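You will see chain A twice below: alongside chain B first, and alongside chain C after that.
Now for the complex of A and B:
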């Protein structure tokens, strides 16, 4: 009897939690659903659909047609793609190399340098914004992608993750290769590099999201419309039109959000796992 | 310190060989060190220098602490500090407990766990700029989704972003929506790290699951809350993207959502007062530093 009630209570509490989570999840999804709905609503550029409904009353591809018409969105995609791809390659490479050196290397100043690398995590973008702008200005690199790509060389968090990862790989691999007379670079590229799959995947995802969504720095560096990345293109569209062109704005937001959502749905297992395992937590 | 015992274990020959190859390791670190010099050390020192000069137009003239005096006596600056702290504080007061409660539920629910993880984390991967765009419509006073539902429920319908007195809360709402997924994921990771034996032992003692949550789960999560609080504050003090998209560099309406970074941007990149902006930057930098150290102290945490 007692066991039965306990079982019952378990099911009831489970059900309550499930329902609360469904409601909470739905509330979080509502802005997305509404975005899509307004985007598909043809009349939304004249008057927003009111009362609001999650299914458009006059469904049409009209707004999406306009979003794609002038091709600016494709250009923004291409720009974001170039910047993100290069930043990811550079950031992941320097993290793997650096993490490996801090894990397996023995050299003067190792501890101090590692502390310096970790300290970079605490330094915000703002104190560096103006001098970096002036520096790239003097180098004639304003309105190029170099200022957005090169700073990816410093990835304190990536190095920290990689060091932890390499610490778990045995030293014996190195020692036997050393006896065979292999040089450090050969050891790294031939022996350790092929083992870095999981950590490299994690770094690729995290760097991708950071770089793709970056806003302040591109805003400062890029003034040329043809070079705008996706977030800049979105921001300039909102600032030109405010809330007057609802349907078009929401169609544009939908088009900009969908790729990263698809990427996320495919890779979410890695992202969640990596954040969970990365030491990005309290203890 | 740590390398000492290793050296002893090694035969003499290889220890010498390692010393000879030390420079190899600096090559591994070359990109990182070069990057730190160019994009960290130099800009920070240069920013300090700039903050001591008047820079308008093209020339630079020595200003001493004038820029700092201007910033520290500027009502607009302190208004931006107030906004930044106000938005950050309330966002955290809402998001951390709410996120923790959701995480606890996701952790204990027996079905659709992964589905909920995906749903709740989705806003966090969305670019904040796109999120801000969506929210200008969700929060629209007349045609927005939120006010429609508030009206249905017979609740007051604030003007949100159109009214300086509620604009901060509109930003807080957007922040909660965007940040809660991160809080949930971090909490979930740490909930799973709590030793199951603690729960088993207390079940034998007859504790209800709510008592377990209150007396085992929460005390074990203190470190996680501290982590969220510290990273939350560091993020909050650097807030810019969404307030810029919604309110521009001046944080309209009436500077009600201008954050410190927006103040810096306004003076640095729309007014080209680099010296003044640099001084404000340094004040912000010091605030972040003091605040982080203070947070580390009260949460008793080592980073």
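Now for the complex of A and C:
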């Protein structure tokens, strides 16, 4: 009888947890559901549905039709894909190498250089905008993807994150490999690189999100409409004569956020693991 | 160095990526003219335009009608100017300030649409004065709606006021009201030029339960989050002004004048007749719908107003009257967009041709009929059927367009605008009195001016 009661208690406690998590999950989903709902509302470009409703009163594919009109969005997807993929590959590789060097390397001026890397985090985009623009202008790279990709190679946050991660891996691995005659790159690629899964996954998703959502820098660099990335394409639809186009904006937001959701679904296990390991939670 | 297979694969991966990128990213250059015949043979200009403009044909997100792309303008201009090539660079309103700044810095265009003309581009010598081109061609400026050319005059490097830009499309402010709510309460429609007392009395009467529908209605609405142009218009209606001068060294602010104080106190006393949340621009969600609950809407712009009204079938319900004017009949924000010519343009004559082209019936009708941009040429209001069809709205819009405060407020794209906005917002939320708010705004604006003159 006592065992049954204990079993009952277990079920009830789990049921309560389940209900709480279900409600919490639903609340977190509400903005996404609302975004999709407004995207399907035909009249939301005139006035946003009020009071807000999760099911549109006038469902229509109209806004999604405009999003896919002329096929321009596919070109924007391709452009964003090229920029984001390249930024992720270069950014993650350079962050891992930089983080490894600052963590395990022994060289003169290491602390000073690391402070310089950290200092890059303290300068916001606005004051860097014109000097960077002039630099890429002089290099003849305006209206190309290079200025959007190359800055990803100096990712202060990524280097810091990787250094923290490598600090937690034992130095004895490196020392053993050195005794066996391994060179630095061999040690990195054969010993440490296979252990970087969680931090690399975190960097992939963070760099992906930054690059995919970047607006101001691509805006100033790209003039040709055929080179527009997704955020630029989205911004060209959100207003008409100072009027916010709610329905169209939400339809575009829905379409543009899909790759990020897919990527997150694939990498979420690594991300949670790396947050626990890298001290991002402020351990 | 890379003896392991993984290392080699990684290096080759990088190299392949870089090679692929160099192919993919090199395709962004704009076209140059290869036309060999015609008066303008071999000349190319780049024109920058801000807004929801598309190069290809598209669908209007409000009306659902098909819109012709900017290609139509390009084709017409190139037909009229044999041998010439036009590249049109479009940009959204979001981030247009940064984009314009960098484009001017990098000499990226010959002609710019520049609503922020007062941001210092002319003063810093980035723009070409247009008077000599106007004189050379005996270009008739009287074709433009009154005051729209004067509105864009600004000072150059020599500190003298002159024409650096000519209007492309207009923008203005007026008051709208819901005739149905007025009728339900038995309140007389607003006169063409309502006074502050007219607005206050009507707002008082129509705040409460609508006698016909039983719905809660509010007498008035104004955007308390960005009230800087509204309070300036009210002060102008009372005979005041923001101050004077276009040059920093001659500029004087008058934001704490008795007229501004009276205007702000009036707004504070009007606030109880508006929905809660106006200081965060909340409470007007039902405006321009059949369930509207706002009687009077202050400080409205034309935008896509007519398309919206038509989409909702509210043509007979919405009334439009003028904002507050001073005893000379002048008052309210001057806005819109001019075209300006870059000093660095290599083909200035062709750039001037584009600016002239923008005043043609073809260009203006295109912007009006495809993108609802308000025309700035008089012939639009006398000759075009598409304007006559919307006479009830377009006549008052023309009147508002011809009687704003000019020149353009020189602080529109600078700190004093934010100071004015947040100060008035502070007074509306009860954090300070009208006098305290305006004194603070005046002080902040003068501090900003001192910095500019250092």
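Everything below uses one rule, namely that the second predicted complex is superposed on the first by the 183 of 283 C-alpha atoms of A that agree within 3 Å, B and C clash if a C-alpha of one lies under 4 Å from a C-alpha of the other, contacts with A are read in each partner's own complex, and residues count from 1 in each chain.
Basically, a contact is a pair of C-beta atoms (placed from the backbone, for glycine too) under 8 Å apart; a residue touches a chain by one contact, two chains touch by 3 or more.
Predicted model, so just to flag it, every value in this text is computed and none were measured.
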| item | value |
| --- | --- |
| Touching partner for A:216 - first (chain B), second (chain C), both, neither | both |
| Chain B versus chain C as contact partner of A:159, first or second or both or neither | first |
| Partner chain(s) touched by A:227 [first = chain B, second = chain C, both, neither] | second |
| Contact breadth on chain A, by residue count: chain C or chain B | B |
| Which of chain B and chain C A:93 touches, first, second, both or neither | both |
| Which of chain B and chain C A:134 touches, first, second, both or neither | both |
| Partner chain(s) touched by A:180 [first = chain B, second = chain C, both, neither] | neither |
| Touched partner set for A:243, first chain B, second chain C, both or neither | both |
| Doubly contacted residues of chain A, that is, touched by chain B and again by chain C | 47-48, 50, 90, 93, 129-130, 133-134, 183, 185, 215-216, 219-220, 235, 238-239, 242-243 |
| Sites on chain B touched by chain A in the complex | 1, 3, 6, 14, 18, 21-26, 28-29, 31-36, 38-40, 42-44, 46-47, 50, 102, 105-106, 108-112, 116-123, 125-138, 140, 142-145, 148, 177, 180-181, 185-186, 188-190, 192-193, 209, 221-228, 234, 237-238, 240-241, 244-245, 248, 261, 264-265, 268-269, 274, 277-278, 281-282, 284-285, 288, 292, 301 |
| Contact set on chain A toward chain B in their complex | 13-14, 17-18, 20-21, 24-25, 28-32, 34-35, 38, 47-48, 50-52, 90, 93-94, 97-98, 100-102, 105-108, 110-111, 113, 116-117, 120, 122-135, 150-151, 153-155, 159, 178, 183-185, 188, 209, 212-213, 215-216, 219-220, 230-231, 234-235, 238-239, 242-243, 246, 249-250, 252-253, 256-257, 260-261, 264-265, 268, 271-272, 275-277, 280-283 |
| Residue ranges of chain A in contact with chain C within the complex | 43, 45-48, 50, 62-63, 65-66, 69-70, 72, 82, 86, 89-90, 93, 129-130, 133-134, 137, 142-146, 149, 183, 185-186, 189-190, 193, 215-216, 219-220, 222-227, 232, 235-243, 245, 247-248 |
| Chain C residues touching chain A - in the complex, by the definition given at the top | 1-4, 6-7, 10, 13-14, 17, 21, 24-30, 46, 51-52, 54-62, 64, 89-95, 98-99, 101-103, 105-106, 108, 171, 285-289, 301-304, 308, 311-312, 371-373 |
